[in-house]
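Provided herewith is a single structure, encoded as structure tokens, for subsequent inquiry.
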């Protein structure tokens, strides 16, 4: 019965986070689908929609800070709010990646794909799936899932390495492919980064539940970070 | 006279942020210098030193959250603390970029540079300079500087574009250069990202002083984000 | 909103009159004011009445009436009146009573407020209250038949034999002690018994009203219980205790019946406390009903005036002392 | 620590000295209490023995017999005390309560300070002086002593006690209670009568009872006002009044204009008389008077103590 | 600030004097309908004075003098033609220390309505239940309505006082540090209650506890003494704004504990 | 938790009874030297009882009974051979309501030392100044040392009480809600003072105000009543940990306001 008002506000923030997550997830999925379909209209819409994501993220951060300033949260409530701020910024960056892919779509000339677009959509599927489950783990405070998800990052990394090698080969075969290849490489890179960022969300889940800030990705990153 | 204890803690956090900033700045500078000098020993040290940066960032975030939980900060104090959390995570990511460059140094074969390393060190100089001044603006609450710095990002972007075109040309000239070129491209990309992130710090400065969260980089990003 | 409508259903005139009378408050305030005025005017009236009724005597005797240096004589037959002996009687009995009662009362008050175990407090308190509630005539009766012969006379005789023999003190303690015990000393002792409960009860209330935090503060500094009482509680309650003492003094000086019954009722008698005498109250009580002349009555009323003025002075002094003590110690 | 503040002090020695002082002084207070209880028990026991011996039903229902004869009672004094206390209450209580309300409503005006000082003064004025006043303003103009005059002076005795105790008790009522009622839109008088008075009721009643006890025990003011009247009997007046078809007011007037007697007055007179029978009766009167006053007093005090501790919380 | 909100009361250039001492200097602020407005400031800055001038409780202080206007639905409550009893019915009040009347719980709540001649038993029964429910007290006391209101715990007493205040359906409720005498759990209850009550009433609350103001209010007024020790309004703002980015340096200093 | 810190007092399986009512049930906790330990919990959970048992103020309550041990530097203060006066000299106390003695500021501070026969004027002068300085009060009162201590403001009075307590150089200072009667500005002053004092004393503070406990203390104890309404220790922890990641669900519920 106590602190209903506060609880209501916490729930509202939670809902906002879920909303932001679905916006981002959708943006990533759509950006890859429209890239494959060379659907420039959708790409343009996605670029515009990123503004909303940015605004939503600022809203969430603002609302959270106001709650911290006015409601003196402690313990789990505070950890939840601190995590929300981080989460929102992660999601916003993922939104930026989606926007990046949409822009690539626009920038690519009207030329046929130099290779069939299979791995990149697969990466997108995997990344959005991880993101979705990580956010759910955040909402439900599911630590086990949070520990498990970062391990799946390997799949995305593997796909990325495959795309990378393939594209390098294509360039070497035919230097004229270089522009498109570089674009597709960026797209794949963005998706790989997206999956990486899911790890950060998982770290926040663990922090929120246990109060401990740890790094989950030391092992995986070692391979990846060479490339920033 | 009042809240001396709290003020002391705030000052401590400020000092820690400065320390973290100098660690990161140093890492970026050293990573590029050692890349140019092909100094593998320093590169290895930098990779190891990134751990310290990560730890420091977690320390700062923890300390900040503890202050929020125990000292009920409001208004500027709260905005400062919220910004510190963000700042620390930005700095930590910049540290990762430096580590990335150091790893590139290790991964590059013992082959001569395909082009003289001039633009990349220039980018590093510019980026660290921006970072340094942005952090100082943060400490002193200097809004004007915070508004000015993001405009300088154009210089870094210009350098990056130049490097990008140069490297593409080199690849097209000689596909055997592709590996080193890609590595150097990543390095340049990392530096470009670093400068981008300085913009986030500037946003935080403005937020801290005025209480308004705005996006400073809309204009600049438009060109850049295509590439994530 | 149902009840709002109900409120508005009152007739207009009702609301108008109600508003004019401020819903009855005008009458109420007038009543309060008048009652207060009544109290004040009563006191003024009493004072004025006594003053007025003593005109005869005042004109006749002037200041000499209350002067200690005028040869005293109180002779209704000759219409010669001088009040000093009765004033002296009042003062000496009250002062002795006070000197004896203060340490006693304080001791008892301290015991009751600070030491007595919880179960023993109520009965002890009631005993003290009862001591205060015994009507003064009963004290007088008991004094005449029991207290004087059994207690006062032996003590008086001892005093007469010791202090009374010391040159210089003879004036005040000279014997012999009357065998009946009727004397200023007897009256003083009875007064002691009568004012002890008053002073005790008030001081005890004062001590009890001292916040527990004062005791705790002192004890927490490592003070013993006595140190706490002496250094903290008494200073804290000083103004209240002073008030109690002055209240006791007022009681003593105004006490009529018991004193009248045991003081012996004679004029003259010098200064010795072992002699019978008069107090102001007792002389009025004793002679007024049989006042032989207008001047006699007027003189008695003038003694009433003196008593009244004494009360007034005591009250003023009490207020001043209390204010002074409060100002010094409490800073208010 | 020892080397700091307490270097110059022999702590065990200081502790021993302080403990001894403590025990000694506290012991003295106990002795003082013991000594004070002695006269009380003595008086009570003595009066009980002397007076209890004489008391019987006759004592309460008969008028005194002529001096020197056996038997008779003090009905006149009981009735007189009763009548005068009632008159005093009627005269004293309503204005006293109103004045008390004035004092708590306007605590800091010039008039309230004056009222307070006057009340203190009135409380301190020796009762004999009050008697003189009653004599001057009632007996002299009326040209005869009366129960009414006695009642009025007793009212003067009661006034300050009621005012001060009522003010104290009303002051204990938190001011927020009063404001609470006013904030609901209640007028002042309803606030006073419906909220403040009930809140302080027991305390106020106690004050009234104390004042009644005080009035019932007073002798001095009655000496020149009620004078005393061995034949005071209400029954007779009523009987006679009804028989001669007088109005109720008339009968009451008759009663009030007679000199009256009272218990303490009777005691005072009997004690001075040379007849042993009367002296014995005096002890009995003392017992009756004491029982009455003590009962009233103790009830009042018990009530008050309970009240105070409850309101303070 | 949304200036389009309906305004319930409007304080215009209000100054309050105690004899010749100016306790409040030209305060101007609105009280929005169905919102909670908090008044904060250091001790002695005139918070209580401001609050009490809103239902003319200042009339009770001899020597108190009002300048300026306090409009209730557009009418000045200090208009000599206004009936103070009516003003107080429409603007209720809850005090720092719970002050139930020394009567039963039922009579406490029915006290107000009875003043206005509402005496029908059935009607009162219903009203009492409704008021106690609104004050979130019904369940705790429904079996002992005829026991003394003073036998309740502090927090319950305070809720009883709230029930008593709302029984006469005021339009505004003033609260002067309503929870400062309560323990933290009871305090939270009262805060929750305030949150529920604002659906039906406009609420003005004085509190020493800044955090409390932050928790419960929609708007916050910050008062401060000027050099002559008269209280002045430094900032009136949306609560969340006031606590995250106050406009005035002095507000900032106060809420961040750097005052004095 | 750093278990290597020097322990000043140690409470072992302490139970306190009022007559037959068990107010505190087997509480075990340390008081670390030169640290501030806060005791929090809902009303009636036995915070004051626990605090007051640390310098035997419980002796003042008739019928109070102690079980268990309270060690001060390893010696049980309830040992019948211990002199209670000596225990209280070493364990000072500051109360909820400022309670200066009705004497001058100087005499208030000199009260304790004088009990021990320290009466030399020069020595006392110095001691009084030192104590008042430590209590951050010297500058405000140095010109009126011989005015009554009760004429000071509430916050100043409380600092005077602290000066009085430290004048006899206790080793531990107990504070029972030392700021709850003060306004926010005075409260902050006291909190700052506590922070300075811990350099010289070990401090135990009871507070209703969780935020205050969070602000001032190094360690926090959370007490709660069990079914028989006896207070039990739920959690003793480093303050920052307790407020960011408490171990016990009940602690979490209490500090996040979800209790009861």
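Should a chain be cited, it is by its letter among A, B, C, D, E and F, assigned in written order, with residues numbered from 1 in that chain.
Convention: contacts are C-beta pairs under 8 Å (C-beta built on N, C-alpha and C of every residue); 3 or more make two chains touch, one makes a residue touch a chain.
Just so you know, these numbers come straight off a predicted model, no measurement behind them.
*Asks:* What's the fewest number of moves from chain A to chain C, given that each move must go to a chain touching the current one?
*Replies:* Step count on the best path from chain A to chain C: 2.
*Asks:* Look at both sides of the chain A and chain B contact and report whether the same residue positions are involved, with over half shared, or different ones.
*Replies:* same
*Asks:* How far is the middle of chain B from the middle of chain E, if each middle is the mean of its Cα atoms, in Å?
*Replies:* 52
*Asks:* Taking each chain's centre as the mean of its CA atoms, how far is chain B from chain F in angstrom?
*Replies:* 49
*Asks:* Which integer distance in Å separates the CA centroid of chain D from that of chain E?
*Replies:* So the centre of chain D lies 46 Å away from the centre of chain E.
*Asks:* Going by the contact rule already set, what residues in chain C reach two or more other chains?
*Replies:* 22-23, 224, 227
*Asks:* In chain E, which residues are in touch with two or more of the other chains?
*Replies:* 85, 89, 116, 168, 185, 188, 210-211, 214, 243-244, 257, 259-260
*Asks:* Quick check: what residues of chain B touch more than one other chain, meaning two or more?
*Replies:* Only 2-3, 6, 65, 69, 72-75, 78-79 qualify.
*Asks:* Considering only the defined contacts, which chain D positions touch chain F in the complex?
*Replies:* Checking each residue of chain D against chain F gives 1, 4-6, 8-9, 11, 14-15, 18.
*Asks:* Tell me, which parts of chain C touch chain D in their complex?
*Replies:* Against chain D, the touching part of chain C is residues 22-25, 27-29, 31-40, 42-46, 49-50, 53, 103-104, 107-108, 110-112, 115, 124-142, 144, 146-147, 193, 196-197, 200, 224-227, 229-230, 247, 250, 253-257, 261, 280-281, 284-285, 288-289, 300-301, 304, 307-308, 311-312, 314-315, 319.
*Asks:* Looking at the complex, which residues from chain B come into contact with chain E?
*Replies:* 2-3, 6, 72-79, 210-212
*Asks:* Across the complex, what residues on chain F touch chain B?
*Replies:* Against chain B, the touching part of chain F is residues 185, 188-189, 191-192, 195, 211, 214-216, 239-240, 243-244.
*Asks:* Using the touch definition up top, name the residues of chain E that touch chain D in the complex.
*Replies:* 55, 57, 60, 62, 85-86, 88-89, 92-93, 95-97, 99, 101-103, 111-112, 115-116, 161, 164-165, 168
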